[in-house]
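Here chain A shows up in two complexes: once beside chain B, once beside chain C.
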Partner chain A sequence: MTRVNTATFSLIMVAIGVVITLIAHAIGVDYLYFASYTILQFIVLATAWNILGGYCGYVNFGSAAFFALGAYSSVFVHKVFPLPVPLLIVVGALVSGLVGLGMGYLTLRLRGSFFAIATLALAVVLQTLVVNWDFVGGSRGAYIIRPEFLEIGSFKIPYIEYLFILMLALAIIALITARTIERSQLGFGFATIRDDELAAEACGVPTLRLKLIATALSGAFMGMAGAPFPYYIGYLQPQSAFSLEYAVNSIAMPMIGGTTSWVGPLVGAVLLGTAQQYATVTISSAVNLLIVGLMLVAFVIIAPNGLVGLVQERLRRKRS
Partner chain B sequence: MDISFDLLINAIVAGLLLGGFYAAVTAGISISFGMLDIVNIAHPGFVILGSYLAYYINIHLGMDPIVVSIMMLPVFYALGCLIYQVYHLSFEKRGQDALRGLAFFFGLLFVTEVALILVFGVDYRYVEASYIGPSIHVGFVDLPLRMLVPCVAALILFGAIELFITRTFTGRAIMAVSQDQLALQLQAADPIKIKRIAFGLSIAVAAVAGALLIIIQPVEPSVGREYIGRVFAICVLGGLGSMPGTLIAAILLGIVESLTATFYGPSWAPAVAFGFLLLTLAFRPAGLLGR
Partner chain C sequence: MSPLLHVDNISKRFGGFTALDGVTLEVAPGERLGLIGPNGSGKSTFVNCISGTLQNEVGSVRFDNKVMDGLAAHQRTHHGMARSFQLPRPFHSMSLADNLRIPLLYTVHARPGQLRTSAELETRCHELLDMVGLLPKAWQMPRDLTQVEMRKLELARAMAAEPKLLIADEAMAGLSNSEVEDILALLFQLNERGISIILIEHIMSAVMKFSQRLAVLVSGKKIADGKPDEVVRNPEVVRAYIGE
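Entry: the complex of A and B
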């Protein structure tokens, strides 16, 4: 791989983002916006999961919980004091990041599997809290009326296009962050934790602090992905926000793509996301989830390093 | 709130009965997670699978769900052995069991749930048996047979497992493999075989737990998820791999959940297990009777 520094990479990503926006605008079909919003959302979730799961080796089963935290903090803020969506994303990031930090602090000092179990249980408990909290809609759910258009002065675009652009920007930020981490001292610290935590600790790597950074960062990105969700869906229900679909997809996508680099979650999310959009329309949503589950099981057994790993191996063989 | 004495006692008794049942659900996890260090988060998925098999045979052949589950034991045992074999070859042997093993079991849980939804739909299913409905009254205390029968069955099962593990050769080998695999190997026993037997046993227990679950409450495919928090909370609170600890923790959680449901409403009950789990992890990670 050629060496590209972070600034150039960011510029390339932003340029790609602008091109995608222009193409989408030229086509101008609403369905396209809805479908690609979902795929972009999965890119953010998968990348966020990978920061903790892929780089540090700590499995988070509670992606849905962090996602829903972002979504519900939007609902809460919307009811108290309506803010523009970009600020809601910041709020969502703060709330989910803090919860991630707290969870991490309680469980990361112990064996790795405790963290995984605790995240799994966190989803159930947060759902219980939301179901019992009438202010944000309780079990009945909450409506957020999405405006037809976003108007700033004379500038006017369809709201769904606005949400799409926001999510695109988030995906780009997430990918740039992930790539930067990978190449920084932080990333090497994460890798030592993944490979041998005890040895890393003995060599003076501040493992707990690094793990907490990863948890907070990963949680914050998941919250960001969730924050615009109520506006996208229009009617937010606990079942849809805490859907296991998010948890399983944000694990399956990096696992299928490859967990060691930022490319993996991107490839996994685009492939799996597109396939699911297609399958949901043509077959049924339950069957497409079954396919995701089976693919996850198959990939962890057969191709432990994902698609990126398979490609790298092939390249290496060609060279030798 | 006006807490009447009758209500309190009834809630505690209901919690005791519930706790006995929780012990049966957790017994499998105590073996796989506590002793073998295999984080089988798909365990509740197998419990629900057991529920649905009991339901299916009960509805079509009219057999008692507990009898069905005992007949299912060999099938689930074989299934468990098969899963362990796959797990061992793909993860344990390659030394990647932590991350990918978890993802593997998570995938299994998810596939079981979605497959059950595709076959049976998301409706609640229930079984029919003569002891579902009537209760015994002892003074002002109600003992619904729907709860009492599963509790007694669970305790018998739990006792049988405890006896098996502490008294038989294989059972002691399972304890040994949880402590020092190499030492067992030096005694000329095959640790992989012992682990396979133990894992098969833990899945077989899930079949019985599933049948008990569908006697206690109607079941739909996603019920399993509620049990993930519960079983791991009980397992951790009891102390990993300690069967008596598991029983105590199960009954404790049953009582606290029942009290919560009675005085604050049933929709809060799932949060109790998580509170237990977090508190235990924060203050006493070794559990009540941990080594």
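Entry: the complex of A and C
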């Protein structure tokens, strides 16, 4: 099998992104942008979760907290000194990345389920903080009036299309990053942490430093996914930003797709995200989590290594 | 010649239990040292303190004229200490070749002037696998290996870091006689390359054959250290093993 190098892969991904943008523009239906935005957002979240959860084996139940941090950083900055959304994404990445680093540092002695519980606790603490912080809306929530159009000189596109393109770019950046990590020395190091930390240290792997890189990177991408959210939703309240939906989906999507490769979270997010969007329109939005739950149970039984694992296993059997 | 490893009066407590009580030990460059002791005598704690998996509260560890106290396990590996584990701990999601690639990437690669290209890394992986006779299984997973092969992989991975000292923690436990001979031959071969080896073992025939010097730990204290045949006749050692 020939291996595509990172530069070629990046070019292919950007080309796919451009094609998707052009197709979406040609169709030009607002709903399509809204629905695709959500799916793209989940691709970023699932890929981010997988950097820590899949590659290093540290299960993070607090994805919603990092997502909300990104979203609330935008609300904060919007009230203090409004910036364009791409810069808000950078701010969200910095804030969530730093909190990820801090979380990694505080919880590095915890492994397995204890780490997972600590991340859940982090989400509760942050939500309590936000609920009681009036400046960003407290429990009432905060409004951000989304402009109808983005205008730069004579260039003018609907704002939702602009947000969609931004999220598409983020998804592409996240996927390229994940794939690059996977094939690098860093990726090998992450895998040793997942397999056996003691043995990793004995082989000279600085496990602590790698874990901190993973928590910071994973947190930063979740923050990026959350930063444009207030503009997308228009009205941000703690309950929607810290929603269980984000925590559950960011775990379920990589699990269903497969956690060992960058393809897994992508496949999982597209599959589950589309199913959820379909269910929201045809049945009800409340059925979303039920779908996730049922699919997760089914996959744990049928394909514990996710769809990617299932395909890999088939190929291996065919070869031998 | 100054010793390669100098362990000075180290102690380690777990709550109210003293696992190591003022142990002092030296290993010369190129030396083959046997370390024995009944179960629970502190051998593994001793290994863990030397290699940085645990930190000793009292005393100090010097290796290659550098103080190791407070250094993490991976930093000690970088300085040239390697260990194998009592129960093999392979990276189970990686092929045998990739298992060896880890110390090559993270330890050898990190040493100055030893930057290896990916082709060189590949060759080195294969050489190491060949040394332990696992080359035909380079792309298999650790779960496909037998016990003795697992031990060989464990030793090969420790060797991949190009150490000056190898601590083999019960590398032969549970193996058949011929398999023990296999592992012994391998350890002799490594020693001939100038690597000091601390062999921790219960199989006395292997220890006696291998060791130039023998140290005995009992209840966290070193009770004997000297020529192997003298040490095994030491009344205190006999008492520790057989009783009054």
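Basically, the second predicted complex is superposed on the first by the 316 of 320 C-alpha atoms of A that agree within 3 Å, B and C clash if a C-alpha of one lies under 4 Å from a C-alpha of the other, contacts with A are read in each partner's own complex, and residues count from 1 in each chain.
Here is the rule we use: a contact is a pair of C-beta atoms (placed from the backbone, for glycine too) under 8 Å apart; a residue touches a chain by one contact, two chains touch by 3 or more.
Keep in mind it's a predicted model, so treat the numbers as computed, not measured.
Q: Residues of chain A touched by chain B versus by chain C: which partner has the larger set?
A: B
Q: For A:Ala279, using the defined touch cut-off, is the partner it touches chain B, chain C, both, or neither? Pick first, second, both or neither.
A: Once the two structures are laid over each other on A, A:Ala279 reaches no partner at all.
Q: Quick one: is A:Ala118 in contact with chain B, with chain C, with both, or with neither? Answer first, second, both or neither.
A: The first partner, chain B, only.
Q: Once the shared chain is lined up, is A:Leu289 touching chain B (first), chain C (second), both, or neither of them?
A: first
Q: Regarding the shared-chain residue A:Leu310, is it in contact with chain B (first), chain C (second), both, or neither?
A: Neither chain B nor chain C is touched by A:Leu310.
Q: Which of the two partners, first being chain B and second being chain C, lies in contact with A:Ala202: first, second, both, or neither?
A: Second partner only.
Q: Would you tell me the residues on chain A in contact with chain B in one complex that are also in contact with chain C in the other?
A: The answer is residues 194 of chain A.
Q: Quick check: in the complex, which residue numbers of chain A touch chain B?
A: Touch residues, chain A against chain B: 53, 57, 59, 61, 106-107, 110, 112-114, 116-118, 120-122, 124-125, 127-129, 131-132, 139, 194, 244, 248, 251-252, 255, 259, 286-287, 289-290, 292-294, 296-297, 300-301, 304.
Q: Which of the residues in chain C end up touching chain A in this complex?
A: Per the touch definition, chain C meets chain A at residues 51-53, 72-75, 77-78, 82-83, 85, 89-94, 98, 101-103, 105-107, 109-110, 157-158, 160-161.
Q: Quick check: in the complex, which residue numbers of chain A touch chain C?
A: Residues of chain A touching chain C: 185, 188-189, 191-192, 194-196, 198-208, 260.
Q: List the residues on chain B that touch chain A in their complex, please.
A: 33, 39, 41, 86, 90-91, 94, 96, 98-100, 102-104, 106-108, 110-111, 113-115, 117-118, 222, 225-226, 228-229, 232-233, 236, 265, 267-268, 270-271, 273-275, 277-278, 281-282, 285
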